[in-house]
Amino acid sequence: MRPSGRSPDQLRTVRLTRDFTRHAEGSVLVEFGDTRVLCTASVEERVPPWLRNKGRGWVTAEYGMLPRATGSRTDREAARGRQQGRTIEIQRLIGRSLRAVVDLEALGERRVVVDCDVLQADGGTRTAAITGGYVALADAVQTLVRARKLRRNPLHGHVAAISVGIHQGTPVLDLDYAEDSEAETDMNVIMNDAGHFIEVQGTAEGHAFRRPELDAMLDLAGAGIAELIAAQRTSLEA
Amino acid sequence: MRPSGRSPDQLRTVRLTRDFTRHAEGSVLVEFGDTRVLCTASVEERVPPWLRNKGRGWVTAEYGMLPRATGSRTDREAARGRQQGRTIEIQRLIGRSLRAVVDLEALGERRVVVDCDVLQADGGTRTAAITGGYVALADAVQTLVRARKLRRNPLHGHVAAISVGIHQGTPVLDLDYAEDSEAETDMNVIMNDAGHFIEVQGTAEGHAFRRPELDAMLDLAGAGIAELIAAQRTSLEA
Amino acid sequence: MRPSGRSPDQLRTVRLTRDFTRHAEGSVLVEFGDTRVLCTASVEERVPPWLRNKGRGWVTAEYGMLPRATGSRTDREAARGRQQGRTIEIQRLIGRSLRAVVDLEALGERRVVVDCDVLQADGGTRTAAITGGYVALADAVQTLVRARKLRRNPLHGHVAAISVGIHQGTPVLDLDYAEDSEAETDMNVIMNDAGHFIEVQGTAEGHAFRRPELDAMLDLAGAGIAELIAAQRTSLEA
Amino acid sequence: MRPSGRSPDQLRTVRLTRDFTRHAEGSVLVEFGDTRVLCTASVEERVPPWLRNKGRGWVTAEYGMLPRATGSRTDREAARGRQQGRTIEIQRLIGRSLRAVVDLEALGERRVVVDCDVLQADGGTRTAAITGGYVALADAVQTLVRARKLRRNPLHGHVAAISVGIHQGTPVLDLDYAEDSEAETDMNVIMNDAGHFIEVQGTAEGHAFRRPELDAMLDLAGAGIAELIAAQRTSLEA
Amino acid sequence: MRPSGRSPDQLRTVRLTRDFTRHAEGSVLVEFGDTRVLCTASVEERVPPWLRNKGRGWVTAEYGMLPRATGSRTDREAARGRQQGRTIEIQRLIGRSLRAVVDLEALGERRVVVDCDVLQADGGTRTAAITGGYVALADAVQTLVRARKLRRNPLHGHVAAISVGIHQGTPVLDLDYAEDSEAETDMNVIMNDAGHFIEVQGTAEGHAFRRPELDAMLDLAGAGIAELIAAQRTSLEA
Amino acid sequence: MRPSGRSPDQLRTVRLTRDFTRHAEGSVLVEFGDTRVLCTASVEERVPPWLRNKGRGWVTAEYGMLPRATGSRTDREAARGRQQGRTIEIQRLIGRSLRAVVDLEALGERRVVVDCDVLQADGGTRTAAITGGYVALADAVQTLVRARKLRRNPLHGHVAAISVGIHQGTPVLDLDYAEDSEAETDMNVIMNDAGHFIEVQGTAEGHAFRRPELDAMLDLAGAGIAELIAAQRTSLEA
């Protein structure tokens, strides 16, 4: 039995609230249960120095956690003067995942920065960030299309992410913090709307996992991601 | 005429939403019109090294702005590796203002950190942060009282803050971003519930201001702060 | 009775020694009693990146304290790798105050940096820095006029600063360290030669202060600043 | 055809040279073809602050690349003042992988640091580092056993790592730089000597990969890792 | 002919002004011609962590240059967030030189920090700093003796420093900036009052120097240092 | 008797292995006994900003020590976020020494970076780095000559370095760690192939040294450097 009472293949309630703040070209509050991440996509009409004059754009992500998004307060990274290793890993993962569905040449010489700031954490912040960040990115890109700065939409598909794991011997979908902290294996799966893999990151926390366990987790993830992409579509059509 | 259509002595709509997030001992979303700041108060059962074994506690504040809280994206301070001068000034001001109504000996050897993170900025973020931060602090302190860790409430009054300025020759209350960016003078006033001053910071932006202008601004501030303290009371009694 | 034996409205002995060092375009040692600050103004024939090609110049200030300017040694900020919040606040205040009397367009595309380094501290270092920094700035600007790089003097007035406070219930002018450390209220007032306010920063240290106390402090400050501006004039005419 | 002429399931020549330098408790030069990484394991008789008095030890890793280990010179991280995101990701991965085969309680309150410094890079530096780092760790732990500081060996198995990918449509094992830079998918697989997974990290570089491709890559990895563990055994028995 | 008109073996006018500022246990303004360095010695009743409970004290130095001590303004190191290589080299040299005449066990478990801040630079700031820093250290140590915290003076000799060089083919003593910037060889010599070497640092700037040139420079240095030590004695006896 | 059994004027076995790694334009492993330093010289077709458009090139050096090159592990400088003072001093010394034999105008507007990374330390790492770095630099420059990017070789001589010291009252050549840690005086001498001095750095560790001791050390150094330059020639002719 899962701590939350969910069945093994059941997502938490997912909410995508577009236009959560007013300045950004895309602004989405994504909720996976009690995990709440504010994703804003900002369009800048310039690219990093190493990309100049190459006719291509760039999509990147930054991730942060408000100090008291967590059960006990975490030091503010700006005050400590450096981002933690975990933060850097996560924002690199979000950036790679989003770029996997963007035609950077079609984007032109501009940069979209997707900021993912966790207001409240209850496990799965990185998967929520990717899933919600995609919607913010889609909105930002749409402003460019509407403003006729882009002839065609540079997004060639959806991307969403979910965690799976082995909890008390059972493969489960979308772990919350209570499960995550005692899971034997934790895996983040990022897929596109064709059901193909963009990234797979699985880590044994307790004992090493076997191939059949891996297979069961990937099956759960595939079904979960299909639900998430459906939720993205519903949100974007609203 | 003010850009917002308000009368010179009119505050923006003020909202104080308690328990906005679930982990912190106090968590308040404060809104002054379109300015939205999330204030969380975290209780820690230890004090900074320089205060150890002195029988007193400490209240401090940290301030941050999400990168896209503003019209154009601001660099993330954690990524740049240092907080800006403006950030440091503001968080020191918030901390001093809150400490002015706390009996630190009554608080005992513990620290309360009030984190003020701007989700959306439209002028007056520091005054909103002080006003909302006070409510978060009150809630955090109340958890200590309820848990019988404190015999009496160490808060000996309310504190609230508001901006005043000279806009197109007229003294006005609670400037939004449109007014602030073209004001000739900008002043932040922090007062307690006895109507006395905790801090006054006035800066000439365009021309230097005269004593009668200063007097008019202080009059406006006094009335505004009385309204804000009433709103704090209403919120805390709810 | 004040610790120094001064009357409540009495400044400490003020000395302004021009050409204290030989390299800078302006170099002034300012003394308010035992407080000694070396102010140098350096002219640079370029502006910060965000000002380029706008036809305007810039005046900025930096502030530092020698490690043993104070009663016990303070860590060297260069060795710690960051400036303290207090330092940043002070240098921003000095810069704003000086810019308030400069016509930046008349200055042309150049930058003047006013470095204020405290050789010995006894309270009031920031007000001494502004008062002495103005004289260094005036000298630096004069070298540009004499070299015919400027057609007219871009300074359109004087600026000086003084602290006032409530000490043992009495409003007093120009607090030294002994008074400052036990004052109930501390206020820094920056005014121009027309007697108008450029900046007012008052902070309750002990109890909150009332409007009549504020009024009495502003009166003292006005008289003190008139004396300081007279001293600046005498020094510059020498 | 692979650029190196290898068959798809063929490792590069693997060499493990123990005692490559003389100071460290374990010192191994690992070579995967032209990739050369010096792994040293250092035993310290203390643990990080957060582990004190818990009766457990710690194993951690640090990773670095000599500036000219690569085709064009990379900035020295010590001179830039921060480690790159890629470096941080890699050293966290190495540390997690090695800890997966260590009984930290049996290790006692001491720390082993495994430093992996790339002398020459030709793809696969992180997998070489894990594979060679294990041997250095085994040697370091053995010095503790021989010195009777440990009653039993806290290593409960082997760990090794290999990269797999899709190159020109074909799943291949142990990519060198030439293959890696044009691979469509890149996956690092870390396994123990029971053939179970410790970590799986797969990233689509070009197009998203399908489940059968994932399965084929995992099959190749399993065979490759068995060979690497055999090489570790041979080396340690020498 | 030297630019200054001095003979090859002639020092600039040397002045040592004790008690230049009032807070430090030792405070000396040292002048070698137009080079002016403020040296303060601060006694702290604790030692660095690595020296605790070893029954020995420590003497260390820090060096800084005010931004406009030089002909054109140098960036403030505190603002840049790091000390330059040159600064670090110099302060290490000053510290080593002073420690060479201190019996650290006789000093007891305390630290003396000698801060050397250049108010005006005209060549030879490091040699002036050592020569003046010694006098500040002597004064600071004397306060400990007078306060009966030390039974005997831990200084077992004098130390002074001077630069020598080859200027237009001629060996010269105590180079000022004009000579230094065009010297072919520059050497700093630190000696004690027995005429023995504490440190010798010679650098060829233009062409490599020969043994007879080295010998001539060392002869000049020996005579110059004897004069400096005499000046230290005169100053300390005043 | 020296701990190593060497006679006072005997170098350790010196080995210079060219092409130790394959990417750099020059790559030399230099060994002075158990001290092993990998020196790579990298050619970059650009110069630092302050040298642009001046028709001259630049040669610079960076120095690092692998964390376990030493008897006990040293913190990784990249992880600590700053290079130590000792590192900065050494790399500045290496750079100055190498530039002393380069005609920077003949090098043209390009930069050569010589990275010296210590794989194993046993005293004398900086002198080994200079001696081996010269060979790497010579190889790098030769690639430019062969590629006809340079008409003539910009090296106008050899440079090598050796340490000398006073060990148990006897002047000795090329100190290893055992000697260095108990030497009374330690001196590094850098000379060219004409037997002239490029740099001399002598430091009294125990007692101050006398002129005859200095002379004896310089004699030893001269003979040792002649041997090293012969070894460089042999290596480069191979």
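Just so it is clear, A, B, C, D, E and F label the chains in written order, and each chain counts residues from 1 on its own.
The definition used in the following text is that a residue touches a chain if its C-beta (ideal position, glycine included) is under 8 Å from a C-beta of that chain, and two chains touch if they have at least 3 such contacts.
By chain, with names taken from UniProt: A, B, C, D, E, F = Ribonuclease PH.
These numbers come from a predicted model, not from an experiment.
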Chain by chain, through touching neighbours only, how many steps does the shortest route from chain D (Ribonuclease PH) to chain F (Ribonuclease PH) take?
1
Stepping chain to touching chain, what's the minimum from chain A (Ribonuclease PH) to chain C (Ribonuclease PH)?
2
What rotation angle takes the CA atoms of chain C (Ribonuclease PH) onto those of chain F (Ribonuclease PH)? Round to the nearest 5 degrees.
120
B-C, A-B or E-F checked against D-F; over half of contact pairs coincide for A-B
How many Å are there between the centre of chain C (Ribonuclease PH) and the centre of chain E (Ribonuclease PH), using C-alpha atoms for each centre?
33
Inter-centroid spacing, chain D (Ribonuclease PH) versus chain A (Ribonuclease PH) (mean Cα positions, whole Å):
28
Between chain C (Ribonuclease PH) and chain D (Ribonuclease PH), centroid-to-centroid distance (C-alpha), Å
59
Would you pick out the residues of chain C (Ribonuclease PH) that each touch at least 2 other chains?
81-82
Ring of chains, enumerated from chain D (Ribonuclease PH) in the sense that reaches chain F (Ribonuclease PH) first:
D, F, E, C, B, A
Which residues of chain F (Ribonuclease PH) touch chain E (Ribonuclease PH) in their complex?
82, 85, 88-89, 92, 96, 100, 187, 191-192, 194, 196-204, 207-211, 214, 218
Give every residue of chain D (Ribonuclease PH) touching chain F (Ribonuclease PH) within the complex, in rising order.
21-24, 27, 34, 36, 38, 40, 42, 44, 62, 64, 66-73, 76-79, 81-83, 87, 113, 115, 117, 119-121
